[in-house]
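Right after this note come the structures.
Presented sequentially are two complexes of subunit A, the first with subunit B as partner and the second with subunit C.
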Partner chain A sequence: MSDLALSTTAPAAIGSGKRGLRIVQFVSIFVIALVMISPLFMLLIASLKDDRFQILADMGSFRAFWVSDPTLSNYREVANFSGELAYGRYLINSLIILVMTVGTGLVVNSMAGFVLAWGTLRGKAVLLAIVVALYVIPQESIIMPLVVMMSRAGLTDTFAVQILPWVASPLYTFLFYQFFAQLPKELYEAAEMDGASTFRIYRSIFMPLSLPALATVSILMGIESWNQYLWPTLVTQTDYARPISVAIATFFGQDSIFWDRAMAASVLMMIPVLILYLAFQRWFVSSFVGSAVKG
Partner chain B sequence: MRISMGNRLLSVLSASTALILMAGSADAKTVVTMMHQGDPGWVKAYGDVAKRFEEANPDVDIELIYAPHDAYNEKFSAAVMSKQLPDIMELDAPFLANYVWSGYLQPIKPLVDKDLLDDMTESNIAQGTYPIDKDLYAIGLTDSSVVLYGNKKYLEAIGARIPKGVDDAWTREEFEGYLDKLSKLDGVKWPIDTFRGYGIKTEWITYAYGPLLESAGCDLIDRKTWVAGGTLDSETCVKAMTMMQDWVKKGWVVPTSSGTNQFYAEGQPAALAMGGHWFYAEASAAMKDNIVVMPLPKIGEKGVSPNGTWIWGISATAKNPEIAGKFVSFLLKDKEYRDYAKSQSAFPGLKSFAADSPLYAEGGPLAVAFEQASKTAVARPPHPAYPTLTSAFMQAVDKIFNGSDAQEALTTAAQKIDEDIEDNAGYPPFDEQQ
Partner chain C sequence: MTVENMSAPRPAPGAKRPGRRRDRQRFWQELGMIGPAVVLMAVFLIAPFLLSFWTAMTNQPLVPRPTPVRFVGLLNFQRIFSDPLFWTSLWNVTRFTIWVIPVQCGLAFLTALLLHQKLPMRNLLRGMFFLPAITSMVVVCVIWGTLFQYPSGPLNQIVGFLSGGTIQPIDWLGDPNWAMFSIVLLSAWQAYGFQMIIYLAGLQGIPDELYDAARIDGAGPLRRFWHVTMPGLRPTHVFVLVITTIQAFKLYTQVAILTQGGPRESTETVVHYMVRSGFAEQKLGYASAVSVILFVIVLVIALLQRQLLRRFDV
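== the complex of A and B ==
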């Protein structure tokens, strides 16, 4: 009888325990999501208020999350603040820089990663160690010599100066190396036996299998390129190749901050990155989960 | 037919020659580069002035180089390193001594119109003068100051005396007495906002808190021997900083985390605000008539207020300094530019601009700020070590406000400053000044 009682109450206890765990999980996820989303929501709300002083006055209270009289005037002003549709130009500039950096970056870093993983290069281990070592050097420490180099090359105030220095990256080369190195050796050997050249093996076999790695690098590289601020500040001088990140800084003046327009411009700047993330989200997550499991 | 072919060839040749000549004449334009910062309004104002100048001087092309305010020093360093200094540069006044000592600027007096030089206020001259040769290296339309803003209702509730002018400023005893009373008043969460929210990466701390030390009777550095040790960490400075630390400990000062809007935010939780002249626009927009503008309090025997803002200098490497000077003169006299500056509550640095600024004129809401400029303004130490000085002082103040010992923090800062001066062999000829 007692056994029977145990056998009937135990699953119920486990069930309620599981339910409790689920509730805790749900609440935790909800709180984390709220913490993550609330600044973005506040940004969006503030971008719909047309009084910059009011935005500042509302900060720190729940009124920051509420707009009684929404307006798109900030977006209109942002679009035309320095000439007709100047912001459109900055957005396009940023997109050109992003597409070119990511496009060439994928090719260069994947090739380097492939050679490091499968190539018959002498001193490969040393090269790999150098690549890893280079990763720990902060960008800021090399930025001034890089400015001088680019200036001497006559590249100041161009698109090239914002793309070229960031195409080859130790981090992304290493990511590709790690991914390629995990693929079965038989794949390479079978292709080699079939007479495929090294480039053919890279292009036709390894690259199609690397979608998660390509997605991860695209997103990381894309976000990095999109958010670049100090570098374009140093190397751009006019509107010609100025990206949106630097243009937004215009709203932060010496005596006044135009929060209304800065918020609207920030929303505009966020949209392409969100689209990029949503488009590649599945591969991005699977790649991270994959590397976590394998690592 | 042949004739016609010949004519056509001739016309093509003529057109080509004309094009080449036109291209030649375009190339022959004198290009003057100007690096500046500023929000969209200022950026547009400079762009419009440049257009008007180019219309009046068709042989000159003004190229504007924009640098964000927060990254201006980095952009400037990059220009120095890549040997691409602009012809005209906007610079923050306290950095002038460093730039002149480094050889980046040339004297501006021979390059700008004399009537502009005669029009400068004393404070404007002080901010653009290099102390070694006493020559003027930069000029501006504007200047700046910090005043004490008060919530009228709160001040009336505690029966505070409202100073009528700079000579009438609150004494330390009065000031601390009012802070104490305000701390006990209903509705007041913090008696004062000293704008800790601006953080320690801006010039604010040195700019606004330095004068309180000077008013107490000490300084950030000895301005004769250019030694910080014994001055910045003197007993007077330590006592002054301990006084401010005490305000923070008592919970009288708006914390960094509460931002810079507590004076006029919902419920008006801060009763006083030690803010720049630019703060008036946002505070008065929210508080209407419930605001009084007062001079900074006298912590010691004399009142001291800050000055200095972004001014224009001509680089030593300018290819056409005369034309650069001509443009600076044109800019400072430009009516639309002045109108825009006025619309932004800009603090006048030229007498003619002051006469045209009702906000700062006698009886105007910010008249006391302008009075401070002529009576109590003290420029930040004009020494090439200023970048180190300001950074060391800001870190010290941050530590003190977070509970560190004032003597220890100020001594560390003084040592850092003196080490920098020593590392640069005293920044000759500053080391010869006594």
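== the complex of A and C ==
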């Protein structure tokens, strides 16, 4: 688009000179971008190699970017649903945790955000101030007592213990509040005049309009849930509900690291995020900016 | 962003009052809608938060023992402050922060500047630069674990090539002098995309008229950068600085996976120290005291941010 606009307005001679410069510019930026993602590319290539010693040997040369006889044997080794290398299972565990956290999180936080924006409850302003203040508390500084609370409640090694604590979140409630608050008040008033109840206004009028907020919160919550590491290491002991992040980290506990398997498992872990990212690229970027306007 | 300036919309009272029954129904519905969030936050956020202050002043072990838990006052804090390892961990995260800020924010700023111009396939380029930011830290550790291989891993090959073989291979994660720096490298690579996006938004927020005006006044690209771009990005710089600092003080995952705080405590961090005293040494009270200290550090940084932002009146 911008390309066309420039070449039609500028005189031909200058246009072509500029064009040459811009091609150089584009190519150099593209090369920098390639360098930045080259580690990810190496990961993918290495996961297709059979021999873990060869992987390390290749790493030091350009062979790291080339595989002559690609094989899926590493993936076959790790993508099991039981046994020692049950990475298929861990992947599904992570997916269950993600879907449950995001699903319930969207409902709980959006309802709260809606009431904070449009409700008539007394003390609403105080609640809002509390939500904003709670945002300062880092996860790391509550997990010590939380682990004990959870184990007393008998929730160790369950899916619930990895979902429930992170469903309601000051940040996401606030993001929903912010979004709902900037919608025109005529929307609310008109529906109220028609006799719609608060919940109905929320569900039938505001929710259908909040696709951007829903996308933002889903993406942020999803990434957060997918990448949880510290919390699941503290509350999972068996592989029953172990997420893939914790499972991959166990490769490092061994005397000799099976890089081939670790790399295949890592690629498996990246695939869902990558699919989501490619499908919702536009939302991804705006949601990270959105989360930045908190604070 | 403060509570004052996010003025809540006030639903104007409807033209006709639908009556008390309707009011009551609305009250219960609103309560039902905000209830789940309030209960969950109370149980999983406020309760453990308050509990951590109490636990910090007891000698509670991780696993309950027959001997009753005793109130010990500030003894845990006293012990923490007289433990050299705690000071090492605090110094390490400070060191990490001082190093990671220029590397990570600099990388983010540079890539944002590169992307903030008319380019073909801009979205693709932005996507490529952003990809590491959505890569899980565990995966990043797998990748960089191989890049750091000693003595003939890729990084050592590159260093050897660039220096013409004069620099000996570096034991990135095994040498106490290098381990934290290596953690800085991989952390900056993983997270810069996030700050890049924030910088891009900041750059887009600077009105074109300012650049045009500067151009008319005869300012070249360099002067436009110093006198238009940089002042326009001041709040963005502050914000990026603060989130990077807070993030840096919570450093844990990459250290837990790759170095376990070693070698010779050179990568021990506050959170790692907390988890270690709480779980390896089973001293829950002590670990809670560390978590209180961590909270105070984060709070101070967040308050500083407010002050700074207010000074730049945004």
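FYI, the second predicted complex is superposed on the first by the 229 of 295 C-alpha atoms of A that agree within 3 Å, B and C clash if a C-alpha of one lies under 4 Å from a C-alpha of the other, contacts with A are read in each partner's own complex, and residues count from 1 in each chain.
Convention: contacts are C-beta pairs under 8 Å (C-beta built on N, C-alpha and C of every residue); 3 or more make two chains touch, one makes a residue touch a chain.
Note that the structure is a prediction, hence the values are computed from the model and not measured.
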Give one of first, second, both or neither to describe whether A:53 is in contact with subunit B, with subunit C, with both, or with none. first
Mind working out whether A:251 is in touch with subunit B, subunit C, both or neither, as first, second, both or neither? both
For A:226, is the partner it touches subunit B (first), subunit C (second), both, or none of the two (neither)? second
Can A:261 be said to touch subunit B (first), subunit C (second), both, or neither? first
Determine, under the contact definition given at the top, whether A:35 touches first (subunit B), second (subunit C), both, or neither. neither
Is A:277 touching anything from subunit B or subunit C once the two structures are fitted on A? First, second, both or neither. second
Touch test for A:128: subunit B only (first), subunit C only (second), both, or neither? second
Between subunit B and subunit C, the one with more contact residues on subunit A is chain C
Residue overlap on subunit A between the subunit B interface and the subunit C interface 56, 59-61, 144, 147-148, 229-230, 233-234, 246, 249, 251-252, 257
Where on subunit B is subunit A touching in the complex? 37-44, 47, 63-71, 74-75, 77-78, 81-84, 258-261, 264-266, 276, 278, 281-282, 285-286, 309-310, 344
List of subunit A residues in touch with subunit B within their complex: 53-54, 56-61, 63, 81-82, 144, 147-148, 151-152, 156, 229-230, 233-235, 237-238, 242, 246, 249-258, 261
Help me check something: in the complex, which residues belonging to subunit C touch subunit A? 1, 3, 6, 8-9, 11-12, 14-15, 18, 25-27, 29-34, 36-41, 44-49, 51-52, 55, 62, 111, 114-115, 117-121, 123, 125-139, 141-147, 149, 152-154, 156-157, 189, 194, 197-198, 201, 239, 243, 246, 250, 252-253, 256-258, 271, 274-275, 278-279, 284, 287-288, 291-292, 294-295, 298-299, 302, 305
Residue set of subunit A touching subunit C in the complex reads 2-3, 6, 22, 25-26, 29-30, 32-34, 36-37, 39-40, 42-43, 46, 55-56, 59-61, 64, 107-109, 111-112, 114-121, 124-125, 127-129, 131-132, 134, 136-138, 140-149, 164-170, 173, 178, 181, 185, 188-189, 192-193, 195, 197-199, 202, 223, 226-227, 229-230, 233-234, 245-246, 248-249, 251-252, 257, 259, 262-263, 266, 269-270, 273, 277, 281, 284-285, 288-289, 292-295
